[in-house]
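Two complexes, one shared chain (subunit A), two partners (subunit B, subunit C).
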Partner chain A sequence: MSLGIDIQGLTVRYPDVTAIDDLTLRLAGGKIYGLLGRNGSGKTTLLSLIAAYRRVREGRVIVDGQEPFENERLTQQICLIREAGDVVIDGDSVGNILRRARLLRPTWDDDAAERLLELFELPRRRGVSKLSRGQRSALGITVGLASRAPLTMFDESYLGMDAPSRYAFYDALLEDYMEHPRTIILSTHLIEEVARLFEEVVIIDRGRLVAHEDTDTLRMRGAAVVGPAVAVDDFTAGMTVLGEQRLGGTKSVTVYGDIGEDARRVATDWGLELSPVALQDLFVHLTKGDHA
Partner chain B sequence: MLRFFGEVMNLWTEGVCMFDDRSPIYHQIAEAIKNDILSGELGADEQVMSTNQYAAYYRINPATAAKGFQQLVDEGVLYKRRGIGMFVSPDARRSLVEQRRERFFADVVEPMVSEARIIGIPLDDVVARIQAMRGGEPV
Partner chain C sequence: MSATTYQRTGVAVRDLTLGFRLSLIWFVVIIAIAFAVIGAIVVSVRDPSTTESVWENSAYATRYFPLSQGIMLTAVYLPVAVASGLTRRTFGYAATIGVIGISGIMAVFEAAGYLVEYWAFDLTGDVPTYATPHLFEHGYQFWISVPEVWIVVAGNVAAGWLIGSAYYRWGWLGPTLALPLLIIPALVVEALMSVGWAGAAMDAMGFERPPTWLAVTSCLAVLAITLSGVHRFVRTIDIRPQKA
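Right, the complex of A and B next:
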């Protein structure tokens, strides 16, 4: 089972800044989504609203056809793991935290929790205050995966985890998702590490939707056009230019948009090289600009 | 210079690294399996990995893997047996070899000749080298 999400005209204003700015987004559900955005782009606010941690004031957030806020039937199916903090109460033990999560989650899987504790080498009796930052994150991830919630969201949940632990997380996530398909949203800025896990990518910037696409499609929309400066300028005239670099008489221009077969032939004729752009680079280009 | 400027490689910092950013991942998956069939690593009527096994092994989204496999089914390289899995078509290798042969001169020989021209290697030298490589092998 998996939950779809329908967001319309969502706006969140803080006294000094608009965190979410008229955001409209529809996720069909049942997929692994990547939510990408710079720090302060509104990712955490957005996920908190979907998880019903806060009330929607402007616009609508609908999950599985209903508003999640103060809706117990829904909220027990929605699990948001924010960076470590949420599931962790100082003075409590790893085992107690899992017991509490189990009571909240009808879909909880004890075996999965046990396997993950072993994978991350988390001792059940250990007091949470004695855990390292990375271990706290691993505990959050354990709760998030073992909950098996039809809508599971991880908000930069890997903080403090070293690379081997992060890859162990990605592998566990993928395996669990394939056995129990559900809606999973991963917010991250470590894009290259996880890009291939995403079926779809959502990019937000300054509270606004910048892109929502199938990952491969999005990747293929960016292209670096490289060649003699004059030819590159002619070729890219009228295209959405994300960035450019120049080295002597050679120029590289990163463009965003579909380049059709005809245009590709022209590029070849003009001696231009078209190469794809890594998702990370595309993300940087799409979200750069003045950030206060 | 041109190549260096435009090349964008995408490497895993850890784990299996197999795909780059040059084309859609599903396309690269299909190519990789074709290469296994051409090299004989995958034989006729042999079962291929399931999409889930493939996704887990290469750490990619299972829908992406499924898309790559579907492309091979559409091209007739693989066939499905309901409830069991996917298998290499009996004549997959033969038709792949044929396709590669058709592309060989355009993809391999012509770029080599134009590169030789650019850097001033006489074509006679190229031919001589090929002859030398052929050595005592029967042709």
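Right, the complex of A and C next:
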């Protein structure tokens, strides 16, 4: 089971800033979404509204056809793991936190939780206050994955985790998703690390929707052009260049914009190689501007 | 209340019970041992003609420890409850049951203490006397001491829940300024019941305690209004981002 999300004209104003600005977005159920945005772009606020952590005051958030705020049927099917780990009480032990999740999450999977504890080497009897930052994050991820909630969201949940643990998380998430398809939203700054998981990408900036496309289509919005430096320079003349690298006589230039069939044939004739642009480069390009 | 809310409230109460269990057990054990020791010392050094109750002084601990638990309810448990898929409404029902449950445990504990103390004095042919007013006359009257303590402690825990929720919702400045207002439910219950230190204070000020039936029903009404008010209030609270 998976839940779709329909957001209409959503606006959230704080005293000094508009965190979400008339956002309209529809996410079909049963996919892994990447939610990308710069610091303060409204990602956490958006996820908090979907998870009913906050009340919607302007616009609408609909999950599976209903508003989630104070909706008993829906809230038990939505799991948001934020970076600081709301599911974690300082005085508790790892075992107690899992016990609570088992009680409160109707789709909880004990075996999955055990496997993840082992994977992240989390001692069941240790107090949360004695866990490292990375271990606390791993505990949040364990709860998030083992909850098997039809709508599961991770908001920078990997904070403090080392690279092997993060990759273990990505693998575990993908494996679990294959076995138990559901809607998963990953909000992250480590774009290239996680990009392989995304089926669709949502980019927001200053509370507004910048892009929402499937990952491959989005990456085809630009290209990395690699080949002899002179040919690359000639080919990319007049295009929006996102970045370039040079090694001897070979040059790689990342450009933004559609490259039509004719241009692709020319590139092949000139001995140039075209490959999809890196998601991170696109993200940087799409969200650059005057950020305070 | 829908069947789902009823079922989820039951689960939440179970979770709250497990969460509070350890601290309550430790509190009861520590207070029981402390007063047993204090009682033994007092008996060994006291003037044999004085029969003042020692256990009566435990009332401060059994009031203010649960008050602190009430203060922590929203700040500690609401974010976890919502993050675990509960609604605020369910949290509110569970917390209400928690308030009544914690004060009930304190009432039974306190009444048991009075009973044990009564028996201990009885062994030497004495009867304990109380320094402040109570609804009961003798320590063995647990059918009176239990509701007396239950109502007074519930008033304190409910006020604690209100205070803690206000601090969670508005931060420190507003609630600190409004503290005299937020503590009103506890003060009203104390004043209406006129037992313990509040009873002594009311006596000193020349106020007479209202008839017991009126005091008890008024206090239950105040409690019901406070608990349903806090319940409505917590349903509007946004979960704050925690500091990483």
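Basically, the second predicted complex is superposed on the first by the 241 of 292 C-alpha atoms of A that agree within 3 Å, B and C clash if a C-alpha of one lies under 4 Å from a C-alpha of the other, contacts with A are read in each partner's own complex, and residues count from 1 in each chain.
To be clear about the criterion, contacts are C-beta pairs under 8 Å (C-beta built on N, C-alpha and C of every residue); 3 or more make two chains touch, one makes a residue touch a chain.
Because the structure is predicted, anything quoted here is derived from the model rather than measured.
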Which superposed partner A:Glu175 touches (first subunit B, second subunit C, both, neither): first
Partner chain(s) touched by A:Leu103 [first = subunit B, second = subunit C, both, neither]: second
Contacts of A:Ala149 with subunit B and subunit C, given as first, second, both or neither: second
Touching partner for A:Val230 - first (subunit B), second (subunit C), both, neither: neither
Which of subunit B and subunit C A:Arg55 touches, first, second, both or neither: second
Subunit B versus subunit C as contact partner of A:Gln76, first or second or both or neither: second
First, second, both or neither for A:Leu247, with subunit B first and subunit C second: first
Common ground on subunit A, meaning residues reached by subunit C in one complex and by subunit B in the other: none
Complex contacts: residues of subunit B adjacent to subunit A: 1-3, 5-8, 10-15, 19, 21-26, 52, 55-56, 58-64, 67
Complex contact set, residues of subunit C against subunit A: 2, 4-5, 8, 11-12, 14-15, 18-19, 76, 79-90, 235-236, 238-239, 241-244
For the subunit A and subunit B complex, residues of the former touching the latter: 31-32, 163-164, 167, 170-171, 174-175, 177-178, 192-193, 195-199, 215-216, 219-220, 224, 226-227, 245, 247, 250, 252, 273-281
Interface residues, subunit A side, partner subunit C - complex: 44, 48, 51-55, 70-73, 75-89, 92, 96, 99-101, 103-105, 133, 147, 149, 159
